[in-house]
Every structure is written in C-alpha cells, then in structure tokens.
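Below are structures written as structure tokens.
The following pair of complexes shares a single chain, chain A, combined with chain B in the former and chain C in the latter.
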Partner chain A sequence: MSGGMTGPVRRSASPRRLVAIGVTLIMLLSPFLWLLQMSFKSNDLILQFPPPLIFTPTLQNYASLWQGAFAASFVNSLMSASFSTALALILGVPAAYALSRWAGRGKHALSFAILVTRMAPPIAFTIPFFLFYRWIGLLDTVTGLVLVYTSFNLPLVIWMMQPFFETVPSSLEEAALVDGASTRVVFLQIVLPMVAPGIAATAILCFLYAWNDFFFALILTRTHARTAPVAVVNFMNYEGWEWGKIAAGGSLVMAPVLIFSLAVRRYLVSGLTAGAVKG
Partner chain B sequence: MSGEGLVDAERRRFNRIALAPSLIVLFVIAGLPAIYLVVISLTPFQLVNPGSSTDFSSPLRNYRLLPGDPRFVNSLWVQAKLSFWGVLLQVLFGMLLALLLHTQSRVVEFARTLFLIPMVLPPIVVAIIWKLIYTPDISPLYYAASLLNVTMPSLTSSVDFALTAIIIADTWEWMPFTFLMVLAALQTIPEEFSEAALVDGANRLQIFFYITLPFITPILVISGMFRLIDSVKAFPLVFLLTGGGPGSVTEVTNYYAYLLAFDFNEIGYSSSVTIVMLLLVVAVSLGVVWMGRRREAMA
Partner chain C sequence: MTKKNSSHKSVGFSRRALLQTGAAALGAAAFPLPAIAQTKPFAGVTLRGASFQHRFFTLLQNYIPEFEAQTGMKVDLQLSAFPVYNQQANLELSSGGSAFDFVNVTFILAARWVAAGLLANLDEFTGDPNLTPAGWNPKDFVEGAQVPYRDAKGATYGYSWEGGAMVMGLSRMDLMEKKGLKIPKTFAELQQVCAEINGTDNVNGIVSFQLHHWCLPPYIQGFGGNIFRKPPADIMPTLNSPEAIQAVDYYANLLKNYAPKGVLTYTEDQARQSHMTGRSNIFIHSSAWITPILLSNDSKVKDTSRVVRMPAGPVHDYPAANSQGLGIPKNAKNKKAAWEFIKWALSPEISMRLVKEHGHSSVCRRSVIESEEYRKLNTVNGQDLGALYLEVLGLPAKGENYMAYRTVKEFPIVGDVLNKAFEQVATGQLAAQAAMNAAQEQAVANLRRAGTAL
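Take a look at the complex of A and B:
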C-alpha cells in the first residue's frame, strides 16, 4: 500500500502506487490471459512445461471450431440475445417513460416486484418454462429462449430507463403539449431522442445478460437452438479434452462481451444492482 | 382549466397504453411461471408419472419432507459457507482494490476498466478459466508448485479443498463488483475531512479507520448484500468445476434443485426446494430495499 490507505486524499498517483497497481492488475488478469494464450497454441504446446515465452501462434483451434457445429450455436446465441433485447426495448421503454411520469400508488410495489424478478435464481423460472415448452413444443427453439430472456430483460429495461427519463426537463414536454402536440408525439419526437444514449447502454446490457446465460440454454435447448456457452461445455464433455479448442471456444464466447462492456462500463453497476442503489 | 383536464386525460390514456403491454407480458412470462411453480410444489410431480402433476391429495408433503432430507439440509449449509466466505472476501478485496485505485491519473482510470474484466466475462467462461487452472496437466499453478517441490492435491476433487476452490473462483469473478461500488463511494468523501485530520496530525491508518471506513461502511454492507443475493445463483462454477462433488461437498441448494428436477425427475419436490430458496432471496432483497431507503433518508 505505497500511497497509503487514505481514501479521501485525492492526488496524482505516486510511482510506487502505479507499480503496485500494475502488479495487482497482472496478477488478477493472469488466469484470463492464460486462457487467451492457450487458444493460440497447438495441443502439444499446451502440455509443454515450462511454458515457452515465445511461440508461433496458430489459428488452428479457431479454424476447426468454425468448421464444426460451433458456428451454428454462435448464430443461435446472437439471434436469441438480439431478439430478446429488441423485444424488451420495444415493450419496456414506453413503460419506463410512463412510470417515470407517474406518481400514483403502487409504484413502489411494482418496482419491488420487478426487482424480485431480477433477483430470482434462474431455476425458479426454468422449471415452469421447461414444463410449458415441453407441452407446446417450444423446447430447443430460439423463440423459446427469446421469451425466457425477455422475462429478465424487460424488468431490466423498465428499471434502467426510468432515471434517464427523469433527467429530461418536464418544461420541454409541457411547452410542446401546450402547443397542442399529443403525448405520443412528445414522447416519440422530443423525449426519445434525448434518452438515446440511455437506450443504447440499456440495450447493450440486455444483450450481455442474454448472451451470458448458460443455465436456461442448458435446460431448454438440445441441439437445434444450442447456444455458444452450452456448445463449449458440450465439447468439453463429449469430444474429449481438446484444451486448445475449449480455450478458443471460451475466447469466442467472451469476445463480444469484452467489446460491449467496455462501451457501457459507466452503467455496469446500475445494471447489476437493478438501480436499487445509486452507485 | 378544462384544457388542462383534457391534457391530463390524454396523458393518462397514453400512460395506460404505454404500460399495459409490458405488464401483460410480465404477467405471462414471470407472474404465471411463479404461480405455476408454487402450484407444482404442492404436488408429488415426477416427469415419468404425468398424472402426478395434478395430485393435490397431500399438498404440503414436499415441504414436510424438506427438514428431514439430509441432502437438502447439507446444501443449505454448503450455500451458507460459500456465501459467507465469498461475500466476505469479495467485500474485503474489493475495498482494498478500491483504496489502491482511488487516485487521480489517466493511466489509472484506464486500468480501472481492465480490473472489471472478470465480472463482465460470461460466467461459463470464468468456469472454464478456473477449470484450466485446476487441471494438473495443463495448469501453471501446478507447475509452479512442482518447481517449489510442493505436491498439490487435485483441488476440485478433494473433500477438503473443493469448496475453497469454488470460493476462490467466485471471489475472483465478483471482487470487481464490490470494487466498483466502493470506488464510487470513496469519490464522494469530501477532501476537507482528511485534510483537516492530516493537519491535526493523524496518520494514514487513523484516517482510514476514523474517516474513510465509517464513510464507506453503508456501501460495504449494501454491496455485500447484493453479492449475498447473487451468490445463490452460483451455478456454472459448481457445474463445471466439481459437479457438486466430491460426494455433496460443494452441492449448493441451487445445484441440488437442478439435480432433483433434471436428473432425478422429481419436479414437484425440486419446486418446493426452489420456493424455499426464493423466499430467502426475497427476504434479503427486502432488507436491501429497506437499507437503501434508510440511507437515502439519512443523506
């Protein structure tokens, strides 16, 4: 603790503190980097210890993944995450706007119900969904996954968008209303463009939550609609221990997440806590 | 006056149209499943025996079985250990990390983002990463131990270390969350406090314990509670690293409910386990909301 444990004193970082931060960062990220470098190694090289510091990276693991069934599952992941995000936004954004302008009774109860939906362990929804899908034939379909993902993305949209709407000055809306515009026009043409960044951030978070899902896809899909996270685990279990391919699959699954989450890092906390704490 | 009333009526109509689709959809895809879960938990439903899904002859049978089911009781205990140590370590290390990175510098601001990586990774990728670390043939950890002439047991298949292995991975994954929340809290502490204390001759440790710590305690508690709620969801780590074993050493309640429903086909009984878990989560969530309100009222 070179710079000392003084939280409150904000000043530029001392060289010792910078070194401490660098060392901590490398230590913490080393498991992650280990997976990444492994994905560029042949299987012989992976088993070689001490690990060579310099090696010729190969894309062979990625290539063989892409030729196999993995590509299809990647597309399934993309589709189910995108569609559920779109559905949640179309339904949730107007609802969030209405809630943000509504001071009626039941607002707190509704908010809490939404929070619980976000907090419930996935198994609570998996059992009813599994039985229902088995009955109406939605097991192993992308449509089925989209519906399940919407069950947690819709509450997220309603929760996350409200603060954004609250930042829009109501004087703007009132002026337009006095001029005779309908609420619908005010919402679509004045309010919505102003919260565009919020919608973008919310959309990315929705996409990530759906993309990251493992449990629902594990239970509700078999072969047709299998998503990328389940596919990676499957060839771990059924195609032997091809570590290079496993590492490459893991790297592919995390690639979109890393890119997107860097874009919305400011909103990560409010999304994760469902906004109950102003982080 | 009547014009305003007209605007109000129009606004109300708009609100109804904007809210109704969401409420209906939420009711269908979240409300109905929740109700159905409760209903099914009152039956001895097994997938192999379809008629049992409507057998309400002994509705509380599942719940009466729970206290006498050693595997269920054990799973609660495993969950308690995992949650306690996981949350404690995450809050502690997250706080230390926040204190380390609470400084003004462009480089550090960029580094903060990199520290968030474990948290944003798909949970299954985190599980794969730790699977690689815990598999002796390919693990740098085991190689390092062999260099030091230490023979490490296979962590994930050892009765003594399996749960610890999961706690380590869980802490690695979620420490960035508490880090981020504590950092946000640190940035709201007025600088005058510690400056005044420095002038009065306080040392850095005293400033930490008498100024910083009391200031960030509420956020430590709240971020810990959020982690506590989410710790119930720990599934990919258990699934991939230990499969609940060895024996049922790492079988958390969530995993037991999964095995019951989708391995043993005991849907009804699994639902009752899930309901109990859900009630615990709701209780903790209520606590969080209550504390959040109190904090807002104090601020």
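Take a look at the complex of A and C:
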C-alpha cells in the first residue's frame, strides 16, 4: 500500500508477458546453457546425435582441467585482468577528474589525443609490442600483459569517467575547500564516493576487456603467462578436440565475470545509465 | 738377480705410481669442472623447444629425463595447440627470433620456412661424423616423409617424427558381405558401395569432415587434375580444370547422398566417432584417424572392420600423405645442443621404444616400420597396418611428388577458396562448374593481392 506512494508501482505480469520473458531468456541464455550442459558430459555423449538432454552428469572434465595446466592459466588471467584494471583506474580516474575540471584551451585536443590510441585495431600494435617485448624480456610474462591491457584500458577509463565527474557539482568541492579540506581530500572523500557507480561500471568494462582478450595473449605469451582463453583453445589438438574440456574451460572462464558483475550489478546499472537522461 | 731386479723394479714402479696418482689427484682436485664437462658436454645448457601438442611429445617427455642425465642439458619443451603453435612459431621465426633452439616444422608451413631460410641446414650436422654417428643414418627416414623438408638443392631442414598416410577404413564389412559387395578399388566402385550400404541398418555409406582441402585433392588428382599447374615451380591455380570440376562433382555427390546430415561441418572427431561406432561405413583419412576402428578400446566395430588403400582414380592413384618434422631455427642459440636432442628423439632406439612400449606406430624410420616387432604389434585381424602405412607414406617420393601442392606457401590461400567452393557445390548453392570457375578467379585474385607473381 505504502509502496505505491514511495516506490515504483508493482504490477503482476500477465501470462503472455511471462511467456515472452521466458522465451527471450531461453534464447539469450541458450548458448551458455548448451556450453554448461556439454561440460558435464563425456566426449562420447557430446558427439552423440541427436544430443541427449537427459544424461548422468560427470565432473571429469572439470577435474582434468585442474589437474592440468589450466589452473595456472586461470590464475594468470585473474592476475593480468585484476592488476591491469586496478592500474588503469589508479592512473585514469585522477586524469579524468583533472580533465573534467580543466577549462583550458587544450582540453579537447588532449582528450582526443588520448582516444587516438583506441582508434587502430589491436593487430596494428601486435607486432611492435611483440618485438619490443622480446627486446626488453617481457615476452611470456604477466607483467607484459598487465602493461598492454593497462595501455588499452587507460583511454577507456579517462573517457568513461569524465562525464561522471562532470555531474558532480563544483559547488560541493568549493564548499569543502572553504572548510579547509585539501584538494586530495576533496577528491578522495567527496568526489570519488559520488562517482562510485561510474567507477564500478568502468572497472567491469576494463576487467572484461583484459579477461576476454585472446589476441594479445596469444602473441605475447608462450606457456608461462598463458591466459585462460588461450588455454581453452589449447584443447583443440592436432589429434582431436577435447570437447568436454573446452566446454568446462569456457564455463569456468565465464564464472569470474559473472560473479563480479552480479556483485556490483546495482552500480553497474546506475553507472551505465547515468547521464542518459538530463533533467 | 732376477729377484733383486724385480724387487727394484717393484719399488721404482710403486714410487712412480704413487707420484702419478698423487699428481692426478691434485689435478682432479684443482680442475674438477673440465673433467665433468668432458663427460657431459652440454652441462648447464637449457634447451628450449616448441611444438604443437601431440601424443609423440607426451610420450617423449617420459624419456627426456634420461636424455638430460646423459647430456647434462635441461630441456624446456613448450607444447601448445596446433593453431596456437603455428601462429606463435611463425611469428617467432619470421621475425628472426632466437627464443627456440628446436621447433616442429609443420607440414603446411614447411615450404615457406625452408624457402625463406628460417631454418638451419641440417646437412651440416649429419655430414659431420663428430656430430652424427654413422648408425643414425639419415637415409633411414621414409623418403616420402622427408620431401617437404628439402629445398630446391636437396638440402635437409627437418627430420620427420610423424607420418600421415591416407587410407580407407570400412567399419561394416559384415553388411558388405551380406550384400555381396567387395572392397572398392576404384572411384566408381566406391560410389556403388556407398549407394548400396547407405540406409541399411541405419548405416551411412560414408563419413568425412570439414577440412575439404585435405579430403578432396586425392579425388582431383585421381581424375587427373591438380590444385596448381605444376607445383612447386608453377603455382598457377587450376581449380576450374575439367578434372577438378569432375572431382568436386563426384565428391560432393558422395557426401550429399551417402553421408550423415551435417557432414560438411563435421570435425575429425565427429567423423571418427561416427566411424568407430559403426554409424558410417567408410571413412577416408590419415591412418592415425582410421586405425582406431581396429585398435581403439572405444571401437564397437573391431571385428567387422578393414583398413585398406583408398580407391584409385581413373587417371592416378594418389592417396594423400604428410609428415611433421623437427628442425632448428636459423638464429637458435644452442644449435649443437638442439641437434643432439633431435638426434636422440628421432634415433632408431627411441622410435622403437615408442612403438614397443606405447604402441605409437606413426614413426618415420623405415628400419623400425619394417622390423618384426613393429609388424607383430601392428598386424590386426591379419591386416598388416605397418606395411600399408609405409606403402602410402612412401608414394610421394616415387615418381611425381604429388603432395607438393600442399607444401607451397600459396596453398593455404587457395585451400581456403577451394573449401568454400566445395561447400557451395555440396549444399546445392552452385553447380560444380560455376563454383570452380568462381573459385579459380578468386584464388588468382587472392594470390595476386598477397603479392604472388603468377
């Protein structure tokens, strides 16, 4: 009763709407569900036609993944994606704040210059990165991957975070400064909490970019810093594809992103839609 | 006197011996490292090698500790998936890298790597008796498997560790016998057997998989055509020759009429599975994919299977063959150590151990394949699989090297075009002639765009 006054009106969905939602959900989730059910099947069952939908599930594919080198690749992926996301945010968020508050003539030119690095396809940078990394000994290292992903994520952070900072009224900062707070305190304690949804959304996008990257990981790693997406492809052997492991690996690769996204979904929605309606 | 002399002699000998022993002991104490280095000349060397994952290397890894103990070197063997390895090794070699001391020379990349001078000439090692004992015998490798690793002058840049020979597996000989059908020996007989068996007892006449540019060329060559005019010297594509069109039509009809639905997108695994469970009667592919119907524990058709030569065409009898080799990058840091490893890994002793201890039969040493032990292990239901393998693997070296089309660097471009054209025909989108005319134009355009002078 009171909900009607304070929050959005709750309406019970009509059966037709429920069916539509169910069908859409099944369609959207079917590739994921198919992959997931494959991961619990033996190779024989996976290749059976027509595919059996009722079967005795096995954890054999997951077990063999962790007995092999996949676990190390998974850790490599986690490390490179997490560190590069953190580094891009540490460098990019203050830069975005500075740019949003800067009223000088070079602002647009500088912003554009930062974005230029994202305008060429990754393939254009691959060979220079490969040769340079070989020269300085960063080939097949997690550090090398962190640096590449950071360099690609930095423009994204700067460009994504600027509009969030612009929505924070300058008067708030001025009031804090008048009260004696330093610029650092204003930034860390007043401005940053207000753009937290933006940071969460940006962090997810950065993490996704690094986590899902295949191309740079393929070229810049060998066996020591191999990441999970490359490790999944590694089950496509000359003598046959290990379908069960590919499916189990694919499902596991999805898990951290899913968990991370669920954990910050509230921020993600508000972060991604912020600024969509001005009023 | 004699006694005295003898006594003197004995005293003198003892003193001299004592001095010699003392000096030797002092020397050994002062210079211990050179003495060790003499017995293990590669002590302290870390040898880095790369290849795609394959059972051969998985098995070899069991023996590597023995090699490390013998030589003192440490072997860091990096194994990746086939596409991943090819991508990484291609980039490493093309950019003059020295990260690897030995590499797998992939069949489809062999010609490019050899022609571009990316590999070390192994004749320099085999020609030096200090580096290669006579017993190693480079000529023991099956000639047909060695062809891809030679340059125009005949210098060798790789030695093969695995051979693939295209054979035909028949999983339901029981059905064929019931119908009074014999093993097909010609393309016409193949079509007839497929037609007769298809649908009987829910069995498909034939099965294949999506790598059409591997499965189709033996038919094109069988009808008298080829992929290029005269590879490797003349690489003008000949995809719209009457023979190629006839072959595409023939093979497309086989798959359209007698193969399981969806066969055009089948992987090798799916095709093998269909074959091993008896759902498809005929499968024509490399021996490693076919012989499991007789050898694998998963096979449900062990008692009703036969493995034989693939049928011959009206003009040629050219079953496909390939091999994979080990080579040394031109800029490798430890070439001698790498050669030591290759020599050991491909020695007759290790090859024989792989056969005897693990049943790994796709080795390339003739002396091993022709040995009594090999024959015993690879004769199943009275079928000598080793002899069949050796026969097919050796064919490209006898007379025309008909597999040359596959080792030229232009092949991947033309192969892709051929794949697409075949799919258009097999799915009924285009007639064979129209598809192959378009493919020819496309192949020529793609090659020119890639900078090939035709």
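Quick note on the criterion: the second predicted complex is superposed on the first by the 221 of 279 C-alpha atoms of A that agree within 3 Å, B and C clash if a C-alpha of one lies under 4 Å from a C-alpha of the other, contacts with A are read in each partner's own complex, and residues count from 1 in each chain.
Note that in this section a residue touches a chain if its C-beta (ideal position, glycine included) is under 8 Å from a C-beta of that chain, and two chains touch if they have at least 3 such contacts.
This structure is a prediction, so every number in the text was calculated from the model and none was measured.
Asker: Check whether chain B or chain C contacts more residues of chain A in the superposed model.
Answerer: Answer, by number of touched residues of chain A: B.
Asker: Check whether A:F235 is in contact with chain B, with chain C, with both or with neither, and answer first, second, both or neither.
Answerer: Second partner only, chain C.
Asker: If you stack the two complexes on chain A, which partner ends up touching A:I21: first (chain B), second (chain C), both, or neither?
Answerer: Touch partner of A:I21: chain B, not chain C.
Asker: Look at A:D44 in the shared chain and tell me whether it touches chain B only, chain C only, both, or neither; answer first, second, both or neither.
Answerer: Second partner only.
Asker: Once the structures are superposed on A, label A:A124 by its partner contacts, choosing first (chain B), second (chain C), both or neither.
Answerer: The first partner, chain B, only.
Asker: Who does A:S261 touch here: chain B (first), chain C (second), both, or neither?
Answerer: first
Asker: Answer with first, second, both or neither: which of chain B and chain C does A:W243 touch in the superposed model?
Answerer: A:W243 sits against chain B and chain C alike.
Asker: Using the superposition on chain A described above, determine whether A:I219 touches chain B (first), chain C (second), both, or neither.
Answerer: both
Asker: Looking at A:F74, would you say it contacts chain B, chain C, both, or neither? Reply first, second, both or neither.
Answerer: In the superposition, A:F74 touches no partner, neither chain B nor chain C.
Asker: Under the contact rule defined above, give the chain A residues that sit at the interface with chain B and also at the interface with chain C.
Answerer: 47, 49, 127, 130-131, 219, 233, 236, 243
Asker: Which residues of chain B touch chain A in the complex?
Answerer: Listed in rising order, the residues of chain B that touch chain A are 7, 10-11, 14-15, 17-19, 21-23, 25-26, 29-30, 32-34, 36-37, 40, 53, 97-105, 107-108, 111, 113-125, 128-133, 137-138, 140, 143, 172, 177, 180-181, 184, 186-187, 189-191, 193-195, 198, 204-205, 207-208, 211-212, 215-216, 219, 222-223, 226, 229-230, 232-233, 235-236, 239-240, 254, 257-258, 261-262, 267, 270-271, 274, 277-278, 281-282, 285-286, 288-289, 292.
Asker: Over in the complex, which chain A residues touch chain C? Could you list them?
Answerer: 43-44, 47, 49, 127, 130-131, 134, 139, 218-219, 222-223, 230, 233-241, 243
Asker: Using the touch definition up top, name the residues of chain A that touch chain B in the complex.
Answerer: By the definition above, chain A touches chain B via 1, 3-13, 17-18, 20-22, 24-25, 28-32, 34-35, 38, 46-47, 49-51, 91-92, 94-95, 97-99, 101-102, 112, 114-117, 119-132, 147-148, 150-151, 154-155, 158, 177, 182-184, 187, 208, 211-212, 214-215, 219, 229, 232-233, 236, 243, 246-247, 250, 253-254, 257-258, 261-262, 265, 268-269, 272-273, 276-277, 279.
Asker: Note which residues of chain C are touching chain A in the complex, please.
Answerer: Within the complex, chain C touches chain A at residues 50, 52-55, 78-84, 87-88, 91, 95, 97, 99, 260, 262, 267-270, 272-273, 288, 298.
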